[in-house]
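Next come two complexes, and both contain chain A; in the first it sits with chain B, in the second with chain C.
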Partner chain A sequence: MSTPNTPTEPIDPDRLKEIIDRNPSRLGIGRSGPRPKTSDLLTFRADHGRARDAVWTRVSDDLIEELGLYRIQTAVADKDQYLARPDLGRSLSDETIESLKTDCINEPQVQVIVSDGLSSTAVETNSKDLLASLNDGLQQRGIETGTPIFVEFGRVDVMDAIGEELGAEACVNLIGERPGLATAESLSAYFVYNPKRGTPTAKKSVISNIHAGGLPPVEAGAQVAELLTEMLEKRASGLDLREDDRSFQK
Partner chain B sequence: MTFGIHTEGPESLLSVGIDVGTTTTQVIVSRLTVESGVGNNKRQVTDREVLYRSPVFETPLCDHKTIDITGVADIVQQCFNEAEITAAAIDTGAVIVTGETARRSNATTLVEHVAKESGEFVAAAAGASLEAVLAGRGSGAAAHAAETDSTVVNVDIGGGTTNAAVFVGDRVVETRCCNIGGRLISFDTDGVVTAISPSIEPLLSEIGFEVRIGETLTENNKRQIADRMAACVVDLLVGPPYEPITESIAIGELPTASRSYDTVVFSGGIGALMGEYETQTHEKTVAYNDIGVELAAAIERHRTVHSWPVRSFGEHQHATVIGAGTATTQLTGRTQSITGQLLPIRDAPVVSVGAIDSIGTKKELTETLTAARDRGADLYEAMLQPDGEPGASNTPPLVLSIDSIGVLSYDRLNMIAASIAATYTEPTEPIVIALKDNCGKALGQTLQRVLPESQPVVVIDEVAVSDGDYIDIGEPIADDDTVVVAVKTLIFGE
Partner chain C sequence: MSIQTTVGGDTFEFDTVKTVLAKANEPKTGDELAGIAAGSDAERVAAKRTLAEMRLETLRENPVVPYDQDEVTRVIQDVVREPVYDRIKGWTVAELREYLVREDVGDREISAIRPGLTSEMIAAVAKLMSNMDLVLVTSKMEVTARCNTTVGKAGTLSFRLQPNDPSDTIERIIDSTREGLSYGVGDAVIGINPVEDSVATTTAILEATHEFIEEWNIPTQNCCLSHITTQMDAVREGAPAHMLFQSLAGTEAGNDEFGVDVEMLDEAYELGKKACVSTGPNIMYFETGQGSELSGDAHHDVDQVTLESRCYGLAKRYEPFLVNTVVGFIGPEYLYDGRQVIRAGLEDVFMGQLHGISMGIDACYTNHIQADQNDIENLAVLLTAAGANYFITVPMGDDVMLNYQSNSYHDAAALWEIFDCGPTEPFREWLETMGIWKDGSLTPTAGDPTIFT
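Now for the complex of A and B:
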């Protein structure tokens, strides 16, 4: 978010600053009569524009190539349809399934997927550091990974379809989050063990808020690797992974 | 929340607080509830419940210079029995040696002994400033300042020292400490002086009193002395300017700016007596056998104190021990990285590397880290035993604390890991790093890749520690990744 105005003549400027610094919201920006100040209005619109751009732009081919990702597309034809038909964002065409099976490693322990989701910006900003750190973490633990895949027009649950078709033991989907006015760069990592189409959300895990101002992507990579390791050890994800803890009392 | 889509339930830690003060020794046992914060992945202590509160014991002394360590240990054991807990069940907590006791010759031995006997993770701490802050947390003053976003001073007056801590909102801004306390002059049942602390002598000579052991003080004499002590306490709180006598009995530096307080809270033994002033009897004065009751009365009748907004939140005598038992534990982010079975670590001294965000090359960073290590070795020379075997279990590792890493990129972490590896060339030497940033796992993972497998590494993150701090790092709680970190400040007999 761009830096907003500070109000004129606050009663306690130090305290106001503390409150503003603690919170990414547009606090204490003052006003002009009943209206926001021009610069604040422009900032707001610029942030809104950034959020829209994050949804409407595409992840660049250069990045996909640089990261060495195998590119596929869901059953969605374009952005308009992507927004209108979440179901298609989880589906793969027969041709795509065929090429996945031919070109990608079958039956990996871990299938890493990157999806544009609702923010291409999030993928552009975070995936390089995250993947580097994630690959180190998996490699150091001797976990076999499949061919890393980029999905255009992907929803979270596209990992169920991809994982099922490739026979992966576990999947992680690094996906751009719905952008907000505070940041358009937030990425999440969703996890499923034993992916099958229609796996309920309760069986999925997530590490969210991955961006420079939240969980730093390089740290997220290490955490994703660790959670995947735990999933493989316990053969579970989502609520099943945490079931034992709930009765924990020391 | 990091892992799982649902909210994780709370966990609890059993925490003990032991306060060995000038006059009294107290023990509390409390349960700390640990939960994930909303909107972040940091585990926090969300609730503190006092399960057991000991009676107020007289601190056992062998003579006026030596604490009876066995006596203190017996008290602690008796309290554990009454609370129906064993040392093994204790997760965290603190032993704090306060007031004049911290100046006794065997204070260090005492805290180490009691801490070791009281479970794996009990921190040992002493020092007037720390005591002031703990008392303010235990009395409810700190919470009141945070809730009302106001300036609150907690004035903890014990047997030997007065320790005031000023809280503004949720921060501690300063401490004001001096040698005024109720046990500085003791009497027998007939009012004959049995002991005078040397720390009260400047004040006595200023008002022209020469009190000797064996003399009898009249009620009027006691009153005069107590009034002068009360005036010093007031001066300590309102200065600068300070009277020369206040400066001469101050502990540590006094603040250079005066303050006004929205609320004043009195705690400690004297704070408790002040609450009871109305019902005070002669018998009570005798029962304590010291000038404490007179001092409490003198503070209550002091004109300036009358103008203050004095409040009580129900904890007086136990304020410090509650603070010690509930407020000394920090939890790390749940994102540290640990190898080599290093944990638990006890009494690891911290040396601050500072911010490294402007350092761009491996060469430069290696030099900075090496300089910090050398400085740490000088600072803690006696403790680190330079010719001892590195990694020996009795030698705590030096903790390098790094403030701001700068841009958290993969390439930068590789550079930092390479610099750390270049700084620690001995392949079995333990590496302990404390980060302020949230990147403990990433750095730990990167270090493991570049270091030999034999090298034990602990990286904790989201903790703020610096020079002069010692930390204990516990084993991870539950199968969670959070570890308990107790930060200790050991300052004896300033």
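Now for the complex of A and C:
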């Protein structure tokens, strides 16, 4: 974000600086008539543009290849349909199921999945460090992992279908979060033990806000490995594993 | 019931009133996701035509969720004033539309038929109305409500100041409050969505905002939008709330998803009347939004406009000070783009006001829907023309806690200038005393949050 325009002659300039410095909101930006100044307007549009691009851009083939991920696509045909039909973003075609079973390791202890979700930018910026650290953590503990999979047009619960078809004991889905104006790079890790289609949200765990300015990807990889280990030990995920926070309303 | 209608040579058949209502909707992704939308535009028009010829009596006798299965249906049906209903029950939905738009039908005439209407009838007529119909009829209705001050009077347009903070830090919430007030917003309510739903956080937010309102003698009211049970606990322990808030759904099952029912809401209302520190009489605040029932699988195959209307039927029981739809928050699987958001916003405010509740809007969008700030500025202009009671505003349109965009603190004075209106009378006087507002516009010191130091 650029330096904000401040009101021209504030009554208390020190106080105004303090307000601007300590707030993540767009405060102390001043105005021209009743409207914001042009540079603030354009900064806002730039931030929104970055968020939109994160939703609408595809994860590059180069990255998927570099990370050695097995690529599949959900039952969704394109981005438009992805946004309108969350049910299809959780579903796999019969052909995809067949190729998964033929080409990927069956019955792994842990199935690692990367999904574009609502932010390809989050996958692009975090998955390399995150996967490296996660794989280290799982290897050190002697946990067997399946063929790592990349899902295009994936929703969180696509891990239920993949895990069920491959007979995985547990799944983790590393998925791009809905971008905000402050960052489009945030990724979440969703977990399920004993994946089956239709497993309720209450039986899932999550580690969110994974990005350089939140939970850094290397650190997140270690936490993801730790939580997977705990899930395998206790044979549970979600509320069965530990009490979750209540979420806010709106 | 089975009705056949022919449009352009094609014949369409509808089995139930519920099906007609669903297929008569303007296009919404939420109805498509639910698998209940019209399959083609021809079928949509056929359903509209069927609905146009339907008598209000048929809608009363066929509530979309049966009376014995759903307490929201019972709330709506039980308050119908029978003599008024008897007078209009023979009208078709088309006749109701044509009545509402007549030049000799104003606020008084609409008020006279209001007690005979059910939420299903109100949803039905909305489905036959064009966007301009909705603006025209909404602009006729003046629905006021009073907490500490009165919103909804002709010539006024109020704003909720929403100073949310991603860590519930009190000093930052107050910073944003200062900023908003310096732009003249905040006469409807200073209302905060907390991150943490706890009695401690709710109490801290209510105390800080109440103290600030008292210190600066501001003619407005506060609210902390935690779960209603959390607010009730806080208020019982003496937290200073001017009103109580809850999100509502249009079915019993939907409200169950929100962790509320009519008994609990009744209890909250009784508590609020005794324990809120405002003058009242209106001390309840509700938020709603098309699609919330489907997202909780509590929609009973009913379309999202009809369910939204039923939210207002439920809200009315509590004579609320404020009700607003949070129109673009829910995501593209319910409202796909700016066009659908604008249509839903117009429908919701119309349906709310026709129920006789003090209706505003959170005109908003998330970053994964096909909309931007221009779309909600369009909606704000349309709904100011329609006479909505209030809008939600956040700093520069960017809510860093809920991660979505709404109207900006900067939009208030612009809308007042375009439409030659202003905030509530006592709030306008207060702005003048503070040197923020003079002769119908912002003064040079407006926009400086350090006025309040």
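Here is the rule we use: the second predicted complex is superposed on the first by the 219 of 250 C-alpha atoms of A that agree within 3 Å, B and C clash if a C-alpha of one lies under 4 Å from a C-alpha of the other, contacts with A are read in each partner's own complex, and residues count from 1 in each chain.
By definition in this document, a contact is a pair of C-beta atoms (placed from the backbone, for glycine too) under 8 Å apart; a residue touches a chain by one contact, two chains touch by 3 or more.
Here the structure is a predicted model, which means the values were calculated and not measured.
Judged by the touch definition given at the top, the superposed model places A:118 against chain C, while chain B stays out of reach.
In the superposition on chain A, contact is made by A:26 with chain C only, not with chain B.
In the superposition on chain A, contact of A:86 is made with chain C only, not with chain B. In the superposed model, A:55 lies in contact with chain C only, and not with chain B. Of the two partner chains placed around the shared chain by superposition, chain B is the only one that A:132 touches, whereas chain C remains out of contact.
Of the two partner chains placed by the overlay, chain B and chain C both lie in contact with A:15. The partner that reaches more residues of chain A, of the two candidates chain B and chain C, is C. In the superposition on chain A, the residues of chain A touched by chain B in one structure and by chain C in the other are 15, 245-246, 248-250. Interface residues of chain A facing chain C in the complex, by the touch rule stated above, are 7-13, 15-16, 19, 22-31, 33-36, 40, 44-45, 47-48, 51-52, 54-55, 83-87, 118, 178-182, 184, 245-250. Residues of chain A touching chain B in their complex: 15, 18, 128-129, 132-133, 136-137, 140, 201-202, 204-207, 212, 215-219, 221-223, 225-227, 238-239, 241-242, 245-246, 248-250. Residue ranges of chain B in contact with chain A, taken from their complex: 2-6, 8-9, 11-14, 41, 91, 149, 169, 335, 337, 408-410, 413, 437-442, 444-446, 448-449, 477-480.
If you check the complex, the residues on chain C that touch chain A are 29, 32-33, 163, 165-166, 171-172, 175-176, 178-179, 183, 193-197, 225-227, 247, 258, 287, 326, 329, 331-333, 336, 366-370, 372-373, 394-398, 400, 402-403, 405, 408, 410-414, 416-417, 441-442, 444-451, 453.
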